[in-house]
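Both complexes below contain chain A, partnered by chain B and then by chain C.
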Partner chain A sequence: MSLESVMQTLLFGLFVGGIYGIAAMGLALVFGVLKVLNVAHGELLMFGGYISFWVFTTLGIDPFVSLLIGIPALFLTGLILDRVVFRHVVRLAGEEKIKNSLLISFGLTLVLQNLALRVFTADDRTIQVAYTGAGVSLFGVMLPFARLASLIIALVTILVIHFFLRRSYPGKAILATAEDWEAAELAGINIHRVYMMTFALGASLAAIAGTLVTIAYGISPTVGLAWTLKALIVVVLAGTGSILGAFPAGLLLGVVEALSGILVGASYREVIGLVIFLAVLLLRPQGLFGRT
Partner chain B sequence: MQEMTLPSTPWVWYRRWLAPALVVLLIMLAGLIPKLVDKQNVWNLFFLICLNITLGQSWNILAGFAGQTSLGHAAFFGIGSLVTRLLWLDSVPFIAAFLVGGLAAVAFAMLIGAPTFRLRGAYFSIGTLGVAEVLRITVSQNLPLISTMPAVQIAGYDLPLRYYAALGLALATIAAAWLLLRSQWSLGILAVREDEEAAQASGVHVLRHKLLALAISAFFAGLAGGIFAFQQISYYLSAPFDPTWTFDALLIVFFGGLGTLVGPVLGAIFFVLVHEQLAVRLVDVHQVIFGILFILIVLVFPGGLVEAWERLKKSQRLTRVKNAIRRSLFTHPDRT
Partner chain C sequence: MPILLSVQSLNVAYGDLQALWDVSLAINEGEVVALIGSNGAGKTTLLRAIAGLHRPLAGTVTFDGSPIQGLPAYRIVERGIILVPEGRRLFGGLSVLENLELGAYTRRARAKRAGMLQRVYDVLPVLAERKHQRANTLSGGQQQILAIGRAMMGLPRLLMLDEPSLGLAPMIVENIFEIVKMTNEQGVTIFLVEQNANRALELAQRAYILEQGRVVGTGGGMELLGNESVRQAYLGTIPTTDKT
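Coming up: the complex of A and B.
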């Protein structure tokens, strides 16, 4: 195998990993702050993907620009879902909360998936833009513009989230609530508003991930669970408390998967992710970047 | 006033044998269905009820008794059906293929259970969900085939035989759950559900009890998959790995009552009947309705039908007591 093709595989691993990172960050944010495990995260991603698909096909708006519609739409969806469904789970204690949130979001997965089947039909949808397939060649390694732009958007997103969480008042309130909600409430933070904001923010991140998925692979109503799983693997990899660590962990998973694809063949690639997941759970349950 | 008097001896005798007699009667009735009704679709309905009782009860053993919420029940069901189908169509006797299918599911469950059980409950849920989905993808990528029975099998296809097999399996699963609850293991398993740390502190080997519940659960889920493979004339080999099987099991158990013996049975009957009605009338959205119903049950009524019945009984007792008090207060003593 030539050096170029290995480099090419590595690069595509990075491209895929960027999407993993964004998908996982939304999940990690919700899990870290609400302590709720939303298995329907992949379905939110799927809806985000469909929004950019429909905006592109009906209005002819570039899929990257369609994020300006997709993000607010999913933000609103997140607000509604938190208000209608997850608000009732947040009150429960510890393990009970995680368990019930798992069950409820599992039900939600089926609702959203079948709703999508009904509304969007089961067809695979792909986006063909003018620059699809175009790219530059660098030392024999192909750099497609669309994928490069996706990775840049992912990087910009993580920077925005980073500065939002660390610098702004609402961001600090979110981090404080993640640390200790009781202390945060005593300090005068309206934690229910924080929960609502966080869930909506997680859904918005799913919208970004969904758009990137649609540009790279296309979208269909049944992709949700597979992306939830990828996001879960990344969250475990990063360590469940780590919100910003989800991004590098996503990149890592992308690269490892791409390389293992060469070794064991593409049809068993999914198994590798699972093996990594189990191995990390066994050997380093606090995650690669987590503190004990 | 009669309710307030102490029951006489024959009444106690009667009460004691009422439930077992009813169970025997129901089993006999279930056994006679193919003789009593000569309709293919009725047989099919009863077959589905039995299959779903097995599916629900096997999930209940793990999630209801041991408190380990598996979201990957479809994996065990799928492995059972895949192994049974491939062996059976490869001219291995069905019974042997069937048992190997169940054992394969157990072996797989142990493989996934040992690492994930070492951590808190949620990781087990995620782990099982992940396993089921990865298995589904891997199977559908490597075996994207429709498995069809050979013509000889189809010619001699015997639905009542399938029904009896499913009925026997359903009864065996219920019996296993019942025996488990009566065994010395039950205390440990229930203790693990109630409070893991406390169980550990009082000397219960938590991991061993979890693995035991998982093994029994996976075994019967695998056998249910085997029955599915036995009954279906043709299907995609990856279909039994679909997460809807997990969801059906969850729905059945929550309908009936989590952690109870009769819950999954009631839940399965209710589920199959409603499912048939909805699937005919609202083909596209029936899963959406089930999903919403499930969310509502978990949020509002986590005890299911069994709890509803208990509440009803309690309220009856309450009105009985109320009536007795009212009578004693407002009726003149001379008239009684």
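Coming up: the complex of A and C.
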């Protein structure tokens, strides 16, 4: 096997991993702060993808540029979903919270999926931009423009989120609420507002992931669950308490999947991801970036 | 002295289990008031109910003339009641400085954040020395000092402390009580829950005794310290029999 083909595979692993990372980051944020597993995260991603598809198809706006519409649209959707649905489960205790939050987010999954089937039909949709398939060759490694731009957008997004959470005052309030919501409330933080902002932020990340998915693979109403599962695997890999660890864990999963494609055959790619998932759960249950 | 906090016939329950029964008490502006009682008497529940973490079944809590029962906790903080909870409850992954900054989250406190931070550093120099250290890497005593510093950042008018000496070495406990006393001398009213009843009664002008969710006694701090039945119940002294 040539060095070029290994490099090419690694690179594609990074491209895929960047999308995994963004998809997982939104799920991790909501899980880390609201302590709710939003099974409908993949459906939010799917809606984000459809927004870029329709904006491109009807208005001819480049899918990367259409993020300027998709992000605020999903942010708003997130605010509404938190206020109408999730606020009622977020303060339940223990088992009641786990059961109810899973039930309503599964319910939301079905609602959103069927809504999409109805409105968008079951057709697979893809975006063909002028630069689809174009790229540059560097030392024999092919760099497609669209995938390269996707990875850059993913990296910029993560830097922005990282800066927001670690450096800004509202961001620190989010981290504080994630650590101890009661102590946060006693510090004077309106935690329901924090939950709302966090959920909207998670939905915005889903919008970005959805757009990147649509550019890379296309979109259909039923892609949601697969992405929720992929994101969940990445979140567990990173450690469920590690919000910022989700992105590197996503990159890692992307690269490992890609490499396993050449080592054991493409048909085992998904299996390798799950094997790593189990190994991490067994050997390092706090996750790769989690603290005990 | 005007009444700052007044609790009237407060009843609080956890599900079917009632923890507080018709609790009434008053705290005057500028006082140090202690709350003593055995484990499970409902001391923590009372502080948490005042702070807005538990919604009472019945009764009123009046602060500075206006009712506050049923308000969310962050609104009560905004009014100036700040609870230093049992077990300190710091944001362990954040730095000392970040913990302090978050203590001044309310609009009222945020405006004076920089000045207040300097004052907290002056009064509690250990926090200035360790401002960039992660809170969960501090020692127990330093963590308690940070918890008090974080509360001070919120500009409390009434500072409620739940077991501030719990799990600390005697010398550190002395230090914590000094800080509480100093805070009071700066004009902050103190409501103190303590296992260490001896030390709490020495510091407090007045105290309430809570047993099985009811107020069963009240009096001056020194008065209760001298009371034989109180000594036996809460101060761990064996009754002297050699007096004839």
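Everything that follows uses one rule, which is that the second predicted complex is superposed on the first by the 289 of 292 C-alpha atoms of A that agree within 3 Å, B and C clash if a C-alpha of one lies under 4 Å from a C-alpha of the other, contacts with A are read in each partner's own complex, and residues count from 1 in each chain.
Simple rule for what comes next: a residue touches a chain if its C-beta (ideal position, glycine included) is under 8 Å from a C-beta of that chain, and two chains touch if they have at least 3 such contacts.
This structure is a prediction, so every number in the text was calculated from the model and none was measured.
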Touching partner for A:Glu182 - first (chain B), second (chain C), both, neither: second
Partner chain(s) touched by A:Leu232 [first = chain B, second = chain C, both, neither]: first
Touching partner for A:Met7 - first (chain B), second (chain C), both, neither: neither
First, second, both or neither for A:Ile191, with chain B first and chain C second: second
Which of chain B and chain C A:Val111 touches, first, second, both or neither: first
Partner chain(s) touched by A:Val271 [first = chain B, second = chain C, both, neither]: first
Partner chain in contact with A:Ala173 - chain B first, chain C second, else both or neither: second
Touched chain A residues, chain B compared with chain C: B
On chain A, the residue positions that both chain B and chain C contact, one per complex: none
Touching residues on chain A, where the partner in the complex is chain B: 37, 39, 85, 88-89, 95, 98-100, 102-104, 106-111, 113-115, 117-118, 225-226, 229, 232-233, 236, 267-268, 270-271, 273-274, 277-278, 281-282, 285
Residue ranges of chain C in contact with chain A within the complex: 51-53, 72-74, 77-78, 82-83, 85, 89-94, 98, 101-106, 109, 150, 154
Touching residues (chain side chain A, partner chain C) in the complex: 169, 172-173, 175-176, 179-180, 182-192, 291
Chain A-touching residues of chain B, taken from the complex the two chains share: 69, 71, 112, 115-116, 118-123, 125-127, 129-131, 133-134, 137-138, 141-142, 243-244, 246-247, 250, 254, 284-285, 287-288, 290-292, 294-295, 298-299
